[in-house]
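Think of it as A, B, C and D in the order they're written, each chain with its own count starting at 1.
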Amino acid sequence: MDLSRIAGEVTRTDYLHLYYYLRLTRGLETRITALYRQGRIVGGCYTSHGMEAVSVGYALPLESRDVIAPYHRDMGAFLIRGITPGEVIAQYLGKRTGPTKGKDGNVHIGDLKRGVIGFVSHLADNLPVATGAALAFQIRGEPRVVVTNTGDGGTSRGDFHEAMNLAAVRKLPVVFFCNNNQYAYSTPLRYQMAVQDVADRAKAYGMPAEILDGNDVAAIYVAARRAIQKARAGGGPTFLECKTMRMHGHSEHDPAKYVPQALLEEWKIKDPILKAEAMLKALGYADEADFQDIDARAKKEIEAGVEWAEQSPLPEGPETLEGVFATEEEVA
Amino acid sequence: MMTAAVHPTLSQEVTYLEAISQALDEEMTRDERVFLIGEDIGAYGGAFKITEGFLEKYGDHRVIDTPLAESGIVGAAIGAAMMGLRPVVEMQFADFISCAFDQITEVAAKNHYRWNAPVPMVIRAPFGGGVHGGPFHSECPEGWFFHSPGLKLVAPSTPYDAKGLLKAAIRDPNPVIYFEHKFLYRRIKAALPSEDYIVPIGKAEVKRPGSTISVVTYGAMVHIALDAAARLQQDGIDLEVIDLRTLIPLDTETIYESIRKTSKAIILHEDTKTGGIGAEIAALLVEECFDCLDGPVLRVAAPDTPVPFSTPLEEFFLPKISDVEEAARKLAAY
Amino acid sequence: MDLSRIAGEVTRTDYLHLYYYLRLTRGLETRITALYRQGRIVGGCYTSHGMEAVSVGYALPLESRDVIAPYHRDMGAFLIRGITPGEVIAQYLGKRTGPTKGKDGNVHIGDLKRGVIGFVSHLADNLPVATGAALAFQIRGEPRVVVTNTGDGGTSRGDFHEAMNLAAVRKLPVVFFCNNNQYAYSTPLRYQMAVQDVADRAKAYGMPAEILDGNDVAAIYVAARRAIQKARAGGGPTFLECKTMRMHGHSEHDPAKYVPQALLEEWKIKDPILKAEAMLKALGYADEADFQDIDARAKKEIEAGVEWAEQSPLPEGPETLEGVFATEEEVA
Amino acid sequence: MMTAAVHPTLSQEVTYLEAISQALDEEMTRDERVFLIGEDIGAYGGAFKITEGFLEKYGDHRVIDTPLAESGIVGAAIGAAMMGLRPVVEMQFADFISCAFDQITEVAAKNHYRWNAPVPMVIRAPFGGGVHGGPFHSECPEGWFFHSPGLKLVAPSTPYDAKGLLKAAIRDPNPVIYFEHKFLYRRIKAALPSEDYIVPIGKAEVKRPGSTISVVTYGAMVHIALDAAARLQQDGIDLEVIDLRTLIPLDTETIYESIRKTSKAIILHEDTKTGGIGAEIAALLVEECFDCLDGPVLRVAAPDTPVPFSTPLEEFFLPKISDVEEAARKLAAY
């Protein structure tokens, strides 16, 4: 997006918010990766390195009663919805203070109170669920919106199709994001689909689609805001493809040798944080000192979180047996 | 063959199918969070006409005709349930539930355990054979879900239970699969109470007290068991017939109590034998009531095959009165 | 298709073949419907009344080693693949002489020897299976093709999506037909999808698509032949939407009151048999007398089949237990 | 904890994981109908690197990297199998098999019964816990398929069986789900015969003869049982450990023979208890061997919950040596 359009569309406050969450996300995931390398993380480790703009961009325009159904590279969205860095680390460490109390791990964070639908590993499974949340809003006539996200790979699953179709047929208030980071684990896009743009998939549903620079947080923010507003106003769903690049392995154990080095180099300079900084400077919204301040603030929050999480208790064995069923009180 | 148990009542007689419609209707009136979603349930009223007239009465925001996509439908119901609604999904036939298996077992069943999100929804699954439906319109899929922690399963055998269990299922804070037996739809009738009632989930019923052998069963097979009991009575074999009604959570107390009395058990189900619900009940009996067992626990169930189409094959496949008789005579002589 | 194009593309022999199978299909299904009304059929009864051109048109261009994965309104294709009317009736009556020996019924006809993949009720389930058959041909470098068909409703299922995508990505030798008869059971197309043409769905896969007059058997035949040739030559899959109308209920028990009478009237005059006759006459390929001859021939075959099927034995109870597993010999 | 049974051999030691690779490699060389299909199995060699180097060796017509779509993959394998090929599908994790459930149970399992079409295919399903995988990377889905007539199920516990059973599965004319336990991949080693061999489907193995109690188990739990046996020996409790190896068709003869000898049985599995395979075995024992049972049949299995993520929870969840010991002591004292 060019400078003048951004200036008109994104206020300084909003852009600084976006920037803050980019840094917080980057910082937190870097910290998690470090913990992982130290062997202190339980299980695997999935990050959004280089793709932070996508979920930061889509989550910020949401209102508090809106809902997200994120996928596994949406750390920014968690943070914006109010999941704290400490909770995220606690989740990664299997602590009882994590949002899932140790029952589930890493990015499988869900919390209805904060409007976060918990991620299911089975990719695309949460897309029909997202349409269902939107259906509830439509049935009750509430001006609430759901935003969901999927990887490029996830769009190959049948549940993607069934969700997109239902959303389009019933004009549901849901916005479908796609983080097209060009790979699904080791599988490059050309083995995943025979179209150039994932956005082409929306044509099968008569759903409007847009292709965005997935590393331009302001562009994503603006497009998300527009699509959310449209959905809120009863205008139906939108599909937004964010073209970006997965800069780390599929998970942190994966050296991703199958990704050409040149591709990584090419995308390294398109880094969303660098891009945001250049923009912020060009707009006169902020300078280096601000960036350092913000980063310091983010780091402090992260370190406090790490400390809190590490001191948090683990669950105890018998808690395994709790919570298979919900109680009357919970749904009263 | 079928005679429904009589319950104290004021209303006129309704079929099993009408009892289901009534439950839906009353719950939709009682609680505006309740809505219906499925294929052809609107203008058409559903493949079995259970929701006939509902679209007119409740409007297309509460009676939602969907595209043909079971996984998408169940997923949508899950999302709506988490947002506070009470979806009731209609599978056109229980057989097609396999298309939504992933959503049911991985999402609906595990959400509360994983991240405390209640999923109060009901999936109505018209199941069972005896209707010349062949391999894909006669299945009993309950065995799969019986092995999926996080789900509740019910399977009524009478109009009274059909209504009361469906209401209980709709009011339950968890995902419930409601197995309604197609064979019973129009074959049994009963007069129902005119006031609101539920049949609590988790409670079996002794349908016929007896002293010789306990027959533990559910669904259409309850009637087979009762018929077998009637036949065996003249030979002094006095069957106690237990209708489970709820499959998960299982009412083990009622089962154990019966076996403590009779010391002998037959488990009867229409579902295929290996890995069926009967296996679990037999295992529980030998685990928990070993000392009071006075003979092997016998299972009468369908053989391990798909449900065949042709009449002589389907007749061979389905458990029959004579199969129960045979097992009972064998066990009585033990 | 206009007259001169047809003349160039469809020989008299071929057209008469097509016509013969239209009549045979119509005659057979009319006979089955009559048996159903007499209560002599076991279970339900699904017909292709008014849509016979689709499967007749797609099946005739196939070679003997090609394979079809039909859906439940493809009686014409069964007949062209060599399933006899007698076998079809036997199948409907649950006789041991039906292709499935009474294990399955009605249109669930399958026979590997005649290149017919048995229909599975679960709609769209056989689309991935069709791609797999095509994959086998591709792997072995065999010049064989698969043709499969689905209803408009079936295209909403995830398996449609997964099959279309795999076929497009790997350029498999498979042709996807869609019988768009405007309804899926009681559900009109507008509740099924938010696009006007089912063919739009192919765009999601980068798969070429065409829209055909589903009641013009010659047009379907020509388009099928072209797509099959293309697939055989390694040119990849094609999607062919046939616009037609379901003239009976979903199954014979369904009065289909939800279909506007005017729509049925409109399509009645577009009947594929009438259309073929008009064309055959206009082309000088045949006259009324020929039609009557052909119909008489078809009727005779059907009646012989009914007789044979009725005299055929039912399977016996214990056969229930046979055939759960295949033996070594069967796959040697 | 893990020591593999030693088999007569000439080759150097290989892990369970390498044994699987070897089986695939040898079968692909032996029979050009065999091909691999799945996600990330080509250039990447699969999530667990089992097919590393296969793409280079066999080419992209026999090592097929697919889009992310389990139902489509299994469906494609079914189609290819019916056309005479021998597909081996890799599920990236067994957990994702739920996405292909419909294709497996409705199409693959029923095709031969319905219309005589053999579906000779293998689905490799890396299953089981103990790897900090949480609810969606630790599941034991075998219970569902155990109740789906038309499928064969195998679950090797050693490198020897891993190789031999995979070869047998590939050569079998039916759909076979091959449950390979992720926990064992790199934790156990054994030297294998250098010549071609198979482990026949349908044959259990007595892994340790004993006289006090029979422990019937499979998969990673075989090692737990053996370790428990070692511990109990000093107390005079002599466990006989039976490794089922094949779950369907079940080798009931070997099980019954053992119980006829010991009169007491424990069934041990990592899968959740209710409706698990242990239920069927217990039911069979009480049905077929009632007279030789000298105590209840006990089941040691995971509780009826999803697999929890956090270490203390997962440890609590998984059946342990001490659980087997406890059950054995209880039963021995019976």
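One rule holds in what follows: a contact is a pair of C-beta atoms (placed from the backbone, for glycine too) under 8 Å apart; a residue touches a chain by one contact, two chains touch by 3 or more.
Note that the structure is a prediction, hence the values are computed from the model and not measured.
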If you tally contacting C-beta pairs, which pair wins, C-D or B-C? C-D
Using C-alpha centres only, name the chain that sits farthest from chain B. A
Rounded Å distance between chain A and chain B, as computed from the means of their C-alpha atoms: 41
Between chain A and chain D, what's the gap in Å when you average each chain's C-alpha atoms? 37
Junction residues of chain B, two or more chains touched: 66-67, 69, 71-72, 95, 98-99, 102, 106, 110, 113-114, 135-136, 149-150, 304-306
Give the residues of chain A that touch two or more other chains, as numbers and ranges in rising order. 100, 103-104, 108, 120, 122, 156-159, 161-162, 165, 169, 191-193, 324
Flag every residue of chain D that touches chain B in the complex, lowest number first. 95, 98-99, 101-102, 105-106, 109-110, 113-114, 135-136, 143-144, 146-150, 248, 250, 272, 274-280, 282-283, 285-288, 290, 293, 295-299, 304-306
Please name which positions on chain A make contact with chain D in the complex. 42-44, 94-96, 100, 102-106, 108, 120-123, 153-154, 156-158, 184-187, 191-193, 258, 314-321, 324
Hey, which residues of chain A end up touching chain C in the complex? 156-162, 165, 168-169, 190-196, 200-207
Spell out the part of chain B that touches chain C in their complex, as residue ranges. 39-40, 42-44, 47, 65-72, 92-93, 95-96, 98-99, 131-137, 303-306, 308-313, 315-317
Contacting residues of chain D [partner chain C, same complex]: 35, 61-62, 64, 66-67, 69, 71-85, 87, 102-103, 106-107, 110-120, 149-150, 152, 173-174
